[in-house]
Amino acid sequence: MSEMSGLTTEQAKALFERFRELIDSHAAELTELDAAIGDADHGSGMQRGAQAAAEAIASADTPAAVFKAAAMSFISKVGGASGPLYGTAFLRAAGVQPQAAEWSAEDLRAALHAGYDGLKQRGGAEPGDKTMLDAWQPALDALDSGGDLQAAAQAAAQGRNATADLIARKGRASYLGERARGHIDPGAASSALLFQALAESAGGPA
Amino acid sequence: MSEMSGLTTEQAKALFERFRELIDSHAAELTELDAAIGDADHGSGMQRGAQAAAEAIASADTPAAVFKAAAMSFISKVGGASGPLYGTAFLRAAGVQPQAAEWSAEDLRAALHAGYDGLKQRGGAEPGDKTMLDAWQPALDALDSGGDLQAAAQAAAQGRNATADLIARKGRASYLGERARGHIDPGAASSALLFQALAESAGGPA
Amino acid sequence: MKKIINAPQNVVREACEGFALAHADLVTLHPEPLFIARREKPAGVALISGGGSGHEPLHSGFVGRGMLAAACPGEVFTSPVPDQMLAAAKEVGGEAGVLLIIKNYTGDVMNFELAAELAQAEGLRVESVTIDDDVAVQDSTWTAGRRGVAGTVLLEKIAGAAAEEGQSLEAVKAIAERVIANVRSMGLALSGATVPAAGKPNFTLPDGEYELGIGIHGEPGRERLPLRPADELVEALLEPILNDLPLAENESVILLTNGMGGTPQLELYIAHRRAVGLLEERGLRVARHLVGNFVTSLDMQGLSLSVLRADDEMLRLWDAPVHTAALRWGA
Amino acid sequence: MKKIINAPQNVVREACEGFALAHADLVTLHPEPLFIARREKPAGVALISGGGSGHEPLHSGFVGRGMLAAACPGEVFTSPVPDQMLAAAKEVGGEAGVLLIIKNYTGDVMNFELAAELAQAEGLRVESVTIDDDVAVQDSTWTAGRRGVAGTVLLEKIAGAAAEEGQSLEAVKAIAERVIANVRSMGLALSGATVPAAGKPNFTLPDGEYELGIGIHGEPGRERLPLRPADELVEALLEPILNDLPLAENESVILLTNGMGGTPQLELYIAHRRAVGLLEERGLRVARHLVGNFVTSLDMQGLSLSVLRADDEMLRLWDAPVHTAALRWGA
């Protein structure tokens, strides 16, 4: 297992540029997932957010500034549940090392944890509730047990897939009860893309 | 060619009872014809009228009284174009021999002509305009040239079929222009049923 | 077909009962022959309209102060019978007389004419006007003539205000005829309407096509065309209207963007936006706006635009108080 | 999908522009961040609501005297962003404070909460209430809780009247909470809604089936059932409402029969007729009626019933003048 990398400002920007590409190419899929157990707007919402974030980060000069600009973009452009959730996660992540010109692997892990805690606090959900937490939590577990960003992305993808077995207890899908089973949670799917973007942007040796 | 018969009060009543049966069993068909080039209400409208007429004639004691009761039923229950048209035709027919206890063949022919003139006057249409006139006119021609009620019914049916070749110049189908071609006129179809009912009720030797 | 109804033959009666319950402060239901009358008999000219049902809120929704004195609902898409208008005229008509407002359809015209004859025979003062605002149809002796469509709501409002302020039968009829002479409409549909008794849509359009020039009963229009962006659809509707109604620069118009029943309000306002823009580009003044479902065709998806060249008198009457179920202001 | 739109991503903005053109006497459009405000800033408490678009006339249609001070439209079926509510609060809020009216959806609650935090940080007095009137959903800690649906229009009217007459922020909030505690709704659908950006209906129902307990975004309901006559459908809607809202004999209620957008008005009144009948059979007094498309779901076919147990104060505030695009009386 290779070592987890840190994050330079350039890598942070690459992360959000790559996130935007991935969201764009998966927008229809995200909307379809949301159509099945939600309201069919997750793809277009994430597109607005990822696009705005990719633009807003241009002049940022620290990883924290990148995350903060991305946070404001998600809060200001997305709406719905995912806007404030991603926005809060990115804002909290930015707060861990607000000044550093570059994040160490430890900084990055701490930032992701802070983001995850923000998600939990803002949404009041727990892992197993069939939400984006179910992609974040296995990804963080992978990092905590020494995995690299690649391993985190794989864990997030597995977590995303596993949401199909769950019934939802938060968000719009919770109205479905048993009927939500068999469907992947759209927010978990977009979160898996976030961890993929992170692995692809910063996954190399730091 | 057999002689045309006249009409007793009983036969006049049988005519409207039979008309009601025929309309009931063809209601869906009439509505479908009207759906194609009109507004899909000819079947239900004629049902209301024929049903009310069959009830209203119960106490009538002359052919004219039968026709007048039928006329008022169509005017009061049908609405649309066909209500006033059939109503006017029956009312005018009733006016030709208002007192006679029985109509001779000549009376009946005159009554049908008066009805036809009423139709033309009320609706302002001419034969060839793809309306019920195109069933009435060949039926009257058949009678005028010595045919019996059976022949009139056949001519009305042929006239009905021939409306498929016409474009409409009156009524709702006139908005269609060329697109009305290929469709039988619903009012011509219900009029053919009227002449069929007449032939079946009074078609025997007078 | 899926509908929230009981038996198809009871649709109109039951809907009228529901309407009368909901608007008991405004109207009274007369069940047989069926008509809906203003709760308080008008002092002046009594406007009576009616037509096939399925176009709600037309006409029942416009019964009340400053608009109709009575509405006579026929079966769905079937003109009412003369008995209804006759009974309504006797109920709401007074010394000032009755004006019948007829939409130009063969059936409506014949039934209202019969009613007028019967009412006159009983000594009532009855006049009538016939509205034929639909430019989709060629007005020629070779057709039944132009159809009466959404312009009817503008007519009923303006003539209703004239009646309410006590104008004479002749004057109310004259202003009604002025409205008719100056209003033009054109509609389009993305889908047909389903008549309860028929059980299926009166026409079907392939995906990606719309019908230009549709009537409010699903009568076909001018042609079927590939669906275009809303702005272009609006141009396709306004073009024939403006060709038919020559308007000088700076003239004032009332613009009605009317939904056919199944069109989301978002879409109506998107169309309205472009219609206002286009009229203003032509140098016209959109003096009054009306947007919504006023003259519908059951669940049809589509809309129509109506343009009324409005003189000061018409604008004044438009602004006059109205209190009905579907249109209300100043009262 | 067939829609009268230009680009899907411009639907909300263009519709708001059309709305502002049509109702320039009532509202002002603020384009960025997007909100619609009363033309004249209210003197008292400013009510601000908002939510995903596609439910029109909610909320923009209720901006005006005696109701909302501003409405913040999100993308179609997507809650608005905090910037919108913040900008609206700064624009229409004054000394008397701001009351945010939130429909209970995860996204709406989070975005409004963020907005409230930001506004308070800027020194504004902001309170909020959350409406969750949909009895179709079990209210438990295991779900996101009950949804806010058509009862919202009753809430906005009554709280708006309290604000208009100058009641304090505390008092307006208290009456709003009293309405929320006493209103229950339940809906059904015959067909799904098509979100422009998605391009196809959010669910499809086989012929002959309906979905009981549907949400206004096409969220699924309690169960799919064979379609029944209207009278039985009404019973299926009222039963869970009355089980959840214990009403004593002779109590007064306001009854709202609300169309989901694609349902002909005839059907709404047929349902309303039975709903009134059923409530009266239970010994209740239907003191006020509202029938029409008020809280819609784009082109969805279906309807909802809302019952508000109304005390004298609520009835008085209901009757108070209101002047908005979609609800108007006494003004």
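Residue numbering begins at 1 within each chain, and the chains themselves are lettered A, B, C and D in the order written.
Just so it is clear, a contact is a pair of C-beta atoms (placed from the backbone, for glycine too) under 8 Å apart; a residue touches a chain by one contact, two chains touch by 3 or more.
Everything numeric in this text was worked out from a predicted model, so none of it was measured.
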Each chain counted as touching subunit B and subunit D at once: C
CA centroid of subunit A to CA centroid of subunit D, Å: 32
Centroid spacing, where centroids are CA-atom means, of subunit A and subunit C in whole angstrom: 54
Distance from subunit D to subunit C - Cα centre to Cα centre, in angstrom: 29
Rounded Å distance, subunit A centre to subunit B centre (Cα mean): 75
Residue numbers of subunit B (touch at least two other chains): none
Contacts with 2+ other chains: residues of subunit D: 76
Full enumeration of touching chain pairs: A-D, B-C, C-D
Subunit D - residues contacting subunit C, complex: 2-7, 11-12, 14-19, 21-23, 53-54, 56-57, 61, 76, 190-191, 205, 207-208, 210, 227, 229-231, 233, 257, 261-274, 276, 286, 289-291, 293, 296, 298-299, 301-303, 328-329
Residues of subunit B defined as touching subunit C within the complex: 31, 35, 38-41, 43-45, 48, 75-85, 87, 122-123, 169-172, 174-176, 179
Residue ranges of subunit C touching subunit B (in the complex, touch as defined): 8-9, 33, 52, 74-83, 105-107, 110-111, 113-114, 136-137, 142-144, 147, 195, 197-198, 200, 202, 215, 217-220
